[in-house]
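Structures are listed in the sections that come next.
Look for chain A in each of the two complexes below; its partner is chain B in the first and chain C in the second.
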Partner chain A sequence: MKIKNFLYSQKAAPYVFVLPFILSFCFFWIYPLFSTITMSFQDIGPAITEWVGIKNYQKLLKDPTFLTAILNSAEYMLLTLVLLIPFPMLFAVLMDSRLVKAKGFWKACLYVPALTSVVISGTLFRLMFSEYKTGQMNVITAALGLGTFKWLKAKATGLAALVIVCCWRWTGVNMLYFISGLKSIDTALYESAEIDGASSWQKFKYITIPLIKPTTIYVLTISIYAGLAMFMESYMLWAGPDSPNNIGLTIVGYLYKRGITKNDLGYGSAIGIVLLVVALFINIIQLIFNGTFKKEER
Partner chain B sequence: MKKKLLATLLTAAMTASMLAGCGSSEAATTEGTDAATEETATDDAAADDAAATEEGEVAEGEAEPDAVTTVGDPNGTHMECWSFVEAHNTFYAQMVEKWNEANPDRTIEITFTTYPYADMHTKLLTSLTAGTGAPDICDVEMGQVPNVYEGLDTWLYPLDEAMAPYAADMLTSRLDAYKGADGKQYGAPFHVGATVMYWNMAALEEAGITQEEVDAVVTWDDYTALGEKYLDAIGRPEGKYFTSVDTAGVDWMWIAMASYGEDWTGGSNDATANVQLDSVKKMLTMQQGWLESGVAQVSPDGHVDLEAGFQNILDHNIVSFPKAMWYMSRFINYMPEEEGNWYITPCPTFEAGQTCSVGIGGTGTVVTGQSVDTALAADFLCYAKMSPEGNTMIWNDLGFDVCNTSLWSDDAFAHDTANQYNTFFRNYPYDVLNEIKDQIGTVMTVKISPTINEQFCNVTLNDVLENGVDVEEALQTAQDVIALEQ
Partner chain C sequence: MAKTDSSSKMGMSAKNKILSVFATGWFAILSFIIIFPLIAGLIASFRPGTELIRRGLSVDFDFSTMTLNNYIYLFSGNADSQKYFMWFKNSLILTFVSVVGTLILCYIVAYGLTMYEYPLKNFLFFLVIATMMVPFEILILPLYKEMITLKLIDTTAGVVLPGICGASTIFFFRQYMTGLPKELLDAGRIDGATEYGICFKIMLPITKPAFAAMSILCAMNAWNNVLWPMLVYRSADKFTLPIGLNTLLTPYGNNYDVLIAGSMFGIIPVFIVFLCFQRYFIEGMTAGAVKG
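Up next is the complex of A and B:
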């Protein structure tokens, strides 16, 4: 009887339902988070683990490679923001309009890359960006009369390759977010605007943009984090965490190199914490400016 | 009442789906087993010991094992074995059967799991640190050796006793590479990885260069001269070179160091690394000269062990290059069209009489201290990787230059025409190996090695070979960076 009461209790039920999530969240997110913080103050050796205070962080501050990694990640993040918010939004509006035929086909085309494994697509892109004359990109540039490039050896072309892979992969996903945002806008608003004689541009500017702001903020937030935390794309393009003059080194790439390749998990953890702080800082600033923390105006 | 029925139904459905989940995963495991058993080691492109190169390539995001398979006597001692190359596990599995036949009183059953490169080493290090969860036997790639061997006998079980029956025949320089700081043997090698010179004799003959001329190359000066002769003969067309130099691999530097008996790591974990060695300077200066005179090009995508490198070789854009003997499997797997074209000789040296080869890459398989029966595991491991039976299988299936030197001059082994490696090249690979038997140097892989490799592959070699930076200057920069890490 007691069990029955518990099972049918309206008070307990919600907790029971969210319990699996809370448990996995604590176990796989909260616990590792705190354990990473502790580890970042330690020197983790094979047999002995020592507390070393802020030594790992002091070393980070003096580490020029880490600076390179931060700058690379930041540049990459900014470029992806510039490309991965306006264009998916534009595609979403197009998909939502009457201008495009066979929408399902186009949506699928844009979304399929997100379903492919980065390992496979990364390898394919690495082969495409090969500096050898038969590399796909070199075939294209040579046909255009631009000659061939050592794509993955120079900073600009290397970054371009990374951004191309990223856009190829994430445009469809971001577009889907925007489409779902657009669907939630009441069509009556557009109709009344039309009656008032608003042009398409005005409708987009005064109705679409403000009303999909929550979606935009969401996409912006995850894009900032995804940009800073990028690893696989670079790892696959350069077939490992090493790239010429570290042009493809990202913060997580450096974390991997330190933590795994060199088995210095303490230092790796410190890098991870810095990444977390940077991403949190940027996102909090961004969210404040977007007014997310303001009380909802009614 | 309705609610109750619904709840019961839902619960039933959930349980059913869970069970179904178990069932399907079980089925998947069995399938994996079948596939793994059916697959012969030679089929597998991974047999090439892909991760044996210094870059530690091949890593995937998933921690999912690629294949799990259990082999052996179900009544024997049960053990676990991990590898990052499926062909290695297939090889061990065949050796388990042989072991059980030969040792009916000490039979074993081993569950083999293949993980992606990075995952396996991470899992191994984590379980060794934690003191639980490690397998009995585990492959350790050369680049990870300093990390894993750091735990010495608290983590690992020394093989000295188990390898005693074979030790006399084993190539000492290779065993040394897998010793711990305490001088005990912790790893069993697969191969020597001796560097040799690969020559495209077909292309050279077209240019009027004979095998005698190639055989006559002793020093790098001879090599350069032959390169000029080749290029003159073919009229120096664009895109054709004698060799290619690497910006993303340090093999050439190792070859140079071995010639002078130098080692930039200093030779142990406590030694001070020094990359400003004469041998390295000489090699880099010579390579800069080659690039200027057109004898060499920079390897497309950084080194010859990548797709672009294979293509470059297939297109006959380069006609000679030095590489470890395990590169033979790349020919079989990626360049089968080249059969009959290539000829193998010892590498040139700076001065006649210097050490002409160096062991590169490798897998030092360990027995962990957590093993259920450390002595048994060690005996099996040494049997598999050091005995003549095991080494014959390594040569036939994996195509490696085995470390048991007693086989090298054995005609049935080294000249066996059933072995595809023996027939692919113009000469017998082991004839070359016998010739350089006493000239295989060692460059140690220690704690600072990843830092040195990283600095060279990322910065130094690119600066010197791509951007024309002065050798002394580039090495000074490298030394400064490496010193920071010590």
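Up next is the complex of A and C:
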């Protein structure tokens, strides 16, 4: 009875409510995180597990395949940042203006890629990037006079294919993020700027960009993570984790290959830890640079 | 004076009309480009799958070569068809289980993080945010190993549990609930309701809009999720739709009839839900972005 009374008290109730999170946090976050850090210092065989210190990391430094994977992921991330932040932002400003008719319809159309599984969209793009001249992308490039490509067999075109899939999937979503950010800007600011005779460009530069910054930082943050951790898109385009000369190999792809396919959990974990450190590092730099940690000055 | 004024206004509106045509036209073009791959897939699904292997995918509006054969085959009830609808059923079950589980748990966790004042509250919320700082992909190896130890490999529990207290879902519920009047809690207590009664009988009904937005987003994620389910499910009779379709993507292309028709048919459920609840999709998705 006493226990029941205690559990029903206002003091204990919040802890009961947050218990599922605490359990899930311990079992499915802290434990695996520590376990992967531990494993990265081990050589895990089928029978025996051995402590090897930083040997996995030393091996990683000399592993040319890992370097390829890091470079591929970094190039992919940078390209997606360049394409998937400024353009969706401009589209959002345009969509938010009074000029566009039938907004709801266009927004719905642009959101559609986010509804499809990466398996389905990946399959469609894999077939469109076919090396035959009848594949859709070759039909387009031939019509533009660029000739045809063996898209998924060369480094540059393979990267282009990945970036195209990414842009196809996220342009609309990022645009919607920016639209929701624009909605939070006080329209009175634009009106008073208009009275002062500001041009559209000035309004965009001095009102929209600074005030939409929280959204930009959010999109930037998730794009850095998603870019560095990209795997399934490449997995679908090349129908598996292997691609010719590793042109489509990403960091997580390499983690998958070593950890799951080759069952080398120690080495795979080391790859994961490097990815985590790189992602956190880039993000913290980005957040400092954007002044997120500065105290509000007012 | 008055004349020039009105003519300049006329000029402005004519200019605006032209701009409006251009702006709308731009989004029409962009939408067409975005929808295009799906149109190409839809058209291809009316042609023999061997074409895809021989020619790749491209739009070709020759209606004379289009047949319903792929879809007839898909619904024929033969071994391939049975397999496809088993994946479909598995996906529905997985989606249902994970949506119900996620929503209930995330709701009560967010409730505990919003409605009370206690020492660990801010620290716990910090932990919720911290889990977002680690990409899930990094945890697949240790989680995979953990699932084997816990004997959860090849089970739906193994697929659902690691993501059941999703930080973004908790975050959304919390954001919604901070706007709710806390006086309702005291009113409930005066009426003799227990803390849990207040949570489920008073606060839950007024949180419905948040449930609507989150259920749709969670359902879409669960329906389309592939990496983790692919690792956990081992037996072919447990495969979900994305995993199953992925197994058809072989270099021989002997199953492309089912692959292309099945892919197109697999999009339909999400599309129907999207068309009915469009507003909630966008609401749920953009919730985190404004505050940052």
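Here is the rule we use: the second predicted complex is superposed on the first by the 272 of 298 C-alpha atoms of A that agree within 3 Å, B and C clash if a C-alpha of one lies under 4 Å from a C-alpha of the other, contacts with A are read in each partner's own complex, and residues count from 1 in each chain.
Rule of thumb we're sticking to: contacts are C-beta pairs under 8 Å (C-beta built on N, C-alpha and C of every residue); 3 or more make two chains touch, one makes a residue touch a chain.
Treat the numbers as computed from the prediction; the structure is a model and nothing was measured.
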Chain C versus chain B on the shared chain A, clash or fit after superposition: clash
Which of chain B and chain C A:Pro113 touches, first, second, both or neither: second
When both partners are placed on the shared chain, which of chain B and chain C touches more of chain A: C
Which of chain B and chain C A:Leu152 touches, first, second, both or neither: first
Which of chain B and chain C A:Gly272 touches, first, second, both or neither: second
Touched partner set for A:Thr134, first chain B, second chain C, both or neither: both
Steric overlap of chain C with chain B in the superposed model, located at which of 135-143, 207-215 or 225-233: 225-233
Common interface positions of chain A, toward chain B and toward chain C: 8, 118-119, 127, 130-132, 134-135, 232, 239, 256, 260
Chain C partner contacts - residues on chain A that touch it in the complex: 8-11, 13-18, 20-22, 24-25, 27-29, 31-33, 35-36, 39, 91, 94-95, 97-102, 104-121, 123-132, 134-136, 138-139, 168, 171-173, 176-177, 179-181, 183-184, 214-215, 217-219, 225, 228-229, 231-232, 236, 239, 252, 255-256, 259-260, 265, 268-269, 272-273, 275-276, 279-280, 283, 292
Footprint of chain B on chain A - complex, ascending: 7-8, 44-47, 118-119, 127, 130-135, 150, 152-153, 232, 235, 239-240, 242-246, 256-257, 260-263
In the complex with chain A, residue positions of chain C that touch it: 16, 19-20, 23-24, 26-28, 30-31, 34-35, 37-38, 40-41, 44, 52, 54-59, 105, 108-109, 111-113, 115-116, 118, 120-121, 124, 127-128, 131, 133-146, 161-165, 170, 194-196, 199, 220, 223-224, 226-227, 231, 241-243, 245-246, 249-251, 259-260, 263, 266-267, 270-271, 274, 278, 281-282, 285-286, 288-292
Residues on chain B engaged by chain A in the complex (per definition of touch): 3, 7, 55-57, 59-61, 118, 121-122, 125, 128-129, 143, 147, 150-151, 154-155, 239, 247-248, 300-302, 306-308, 311-312, 450-451, 453-454, 457-459, 462-463, 466
